[in-house]
């Protein structure tokens, strides 16, 4: 382990005591991270994503006692549009949270609380969907396992969104936080979950989140992740989903900020006829890097998966996409498709795109596609010839490229927020939305 | 192919034919006799078993034959592999002709013709002779020669696919043509072309079996006999008037 | 198993028909690899100092490298000390005419369909026949020389045109390039060399036929083709090997140089012994092929890969000059326990460079077929274009088809498109063919060839017919 890795692990041994099943997750994570340390670009999964900028900082564990005012929170995370659970440096903050309007059958609480009141339920699902070997960030998260969110969706659950907001606060020094989200949906349950990741403070914040989702037969989850952090922040998110028979997962991610933002999705379609929809929009400028890795594994027959990621890269930024669809022997009648499109807005922006198929059975329909290009010069000229100034025309066309991803959001308030966040980063600003 | 003397042997004889798909009985004792020179039409509502019947005769293994017999020129059809049935002179015009990307339409047809000729001990046609034959038949079905070099049915419209089926029939000159819903999705022009192709093949030693849901096709091809199928059996047999009656009263009239 | 599948199995139970061994006396050196062996190979060939120097630098560099593991292939470790690095049929005196070639060798090539006798030569194809480590014959040499075209064995070129060899050897694939290319640079024995002078359109196809015969040997040939400004050449290569229970290593290097306005078309039909149905024996085909394209030049790779236990090759184009064009057309088939990890690299450096990739992978039995391709658009490659199409056909439920493209774009004006599909031979397609009277075996072969047509049509006529038959034959025992 090098210096940066050692500093990331500092404090993991002195966490408050916890039940043995939690302690064993911590132990396994700590050992795996000690063994593997931070990945290097020699590793295939990190080929294009150097962690040197992250390693340049010495992150201490973010202080769970840190306080955030409601106004401060609203400035970075927007107004709540329903029940909202807020976590500050990983600690559940009841004062900033509102449980009002929680849909019937959806039980959302802090993980800490759930471990105390229903340890058996938590133990059954915790750390079951993601192996820590070869995934040092998931290992690191495990090493600091303490608080986070626990969402239990019971069989009768239906309806409205629940939002989880994770604020990493780095006011006086670089701070790291390792939030955990555990979602367990019973057979037939349905829920909508929004995870919002923000950072507060002058110093670099490192958020290293792990979300684990287990979907019982027939359960459905509409899942959103919004990463809207300052350009100095570092973000790593692992989403691991285990899908039973006839389940449907729709996961939508938007990565807007961060010096380095990386997402790893692992969806395993274990049961027959499971369905997975992954969508992602990423935007970067300056020298920022945004990386989306995903593995969709079809293990059961008759599964369907659709994956669409779109990237907008400006300045000297770099976008990385590596999506793998794996169809195992026996996963007959699988129907899988993935696509990655990228818009390069500057001469110095970089895209690395690796859509991958790994197929082990013949009874399968699978395909992928990818494109990289710049704004359509003809379209740009057309708009300008109608009197729209060049910058605004560019903004309109960029938004047109991104819009499909915004429109996919099924929660109206979130869709509006995302539209504003995306347009707000473009020439012409939110005024674009008037015309779109 | 050589003329077969008509000694009173039916060209196609089906007796008490039963077949099922998975555990569901589809054909429940079907009888049909087609003599050389005849054109028959089998009509019936959706799900009556018409297409299954056509498929069973051609050897499609989707349905399993559980009883009865079917002979072509007195030979046991059911014991033959699909390609042997083709060699024996049975042609199935598909309701949904299959696309085979990259395999040239012309190449496919020549391979099929020569495979059949070889199996019958006849001389194969060389590329030049074949081209002459194909061109002549393409005129008959008013097919643009450009289609010949495309992949088999690859990117063809519904109507083009059906013309292609009729072209194959015209080139292969089968003894028994079974045309499964050849009229579905066709406009009037295409229907006329299909009808002309069928009429051109009419001869004392051949026969045609039209499988159709609508009587519209029968305005262009006048059959000798019309059978109405329902519930996996032939429930009525008659002449042209039967089609008109069906037109008026709908299939509810014959449903068991 | 359905009737259809049973028949498929029966019809495809054909054996590798090039598996015979020719009994010729060999001049072989001791097995193993060290600096003395490298010097010995060089001295056997009376090489000039620059070449020995090249070999030694490569060998010393090779000692610092580790065998790559990133490809999606599995095999037992290769013991590089158990390989014989040089084996030549002997005696090998200077031949006055083709008819003086050892009758055993002539017969071996005749069996492979490559007649070397003057009177039976393939019309309009000049053949360089490489048997184990050395070139044994080149046809039409005189006729080509009249036009200034140099074509023959690499060893002859070293002797007769050392300045050309020195100038271009390693200019596209440096001796430091990768583990297997570096090994080749140290121990390569022979291969083909072609030089097409300025403005000359080579009047016939140039062809090399590679044959591994001896046991326990590796084959390390080196091919260098230089097309001078405005010239044009089409080159074909074919390869076979006897059926043996042990794996044999083939680590070749091919370098193409297309100077301004030149065009090189390079076609391969690779049919090395693939091993038996249980995966015993077969050739490890670890090959580095790369071309450098200067201004307005074009390099086109076409490959039909049906043989070898393992194929590891990525014929690539460095599109250095503005307006240069790179193409890669590939059919790769993996049946039984064969593993293929193959694809290309298109490196766009010059402005308005264009590349096309068409890959057709066929997997059957327990075969694993991987397309791995890199499209890299460098910063200065304004207006670069790439289109990639990768299709996989799977036959049976135990094989694998994998598609791993790497798209690396560094220029906003570039347009890169990649598409991939996966399909199988459907029951409907088979039934349709059979209903028209075509036997299942012919239907399968027809459908597979249809799938590969886009690539096969890129092959010169002589090879296209052979390749079509090969595809049908290679599907031996593919279902069941």
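Chains: A, B and C, in written order; residue numbering restarts at 1 for each.
Here, a contact is a pair of C-beta atoms (placed from the backbone, for glycine too) under 8 Å apart; a residue touches a chain by one contact, two chains touch by 3 or more.
These figures come from a predicted structure and were not determined experimentally.
If the chains shown are joined wherever they touch, the resulting network is a simple chain of contacts running from one end to the other without closing. Chain closest to the overall centre, judged by the mean of its C-alpha atoms against the mean of all protein C-alpha atoms: C. The greater number of contacting C-beta pairs, out of the two interfaces B-C and A-C, is seen for A-C. Relative to the C-alpha centre of chain B, the farthest chain centre belongs to A. Between the Cα centres of chain A and chain B there is a gap of 57 Å.
Each chain gets a centre from the mean of its Cα atoms; for chain B and chain C, those two points are 48 Å apart. The mean-CA centres of chain A and chain C are about 44 angstrom from one another, to the nearest whole unit. Here chain C touches chain A in the complex through residues 70, 363, 377, 379, 392, 394-424, going by the rule given at the top.
Every residue of chain A that touches chain C in the complex is listed here, in rising order: 44, 48, 329-330, 332, 342, 344-374. Every residue of chain C that touches chain B in the complex is listed here, in rising order: 2-4, 426-429, 431-440, 442, 446-447, 449-454. If you check the complex, the residues on chain B that touch chain C are 58-61, 81-83, 85-87, 91-92, 94, 97-104, 108-109, 111-113, 115-116, 119, 151-152, 168, 172.
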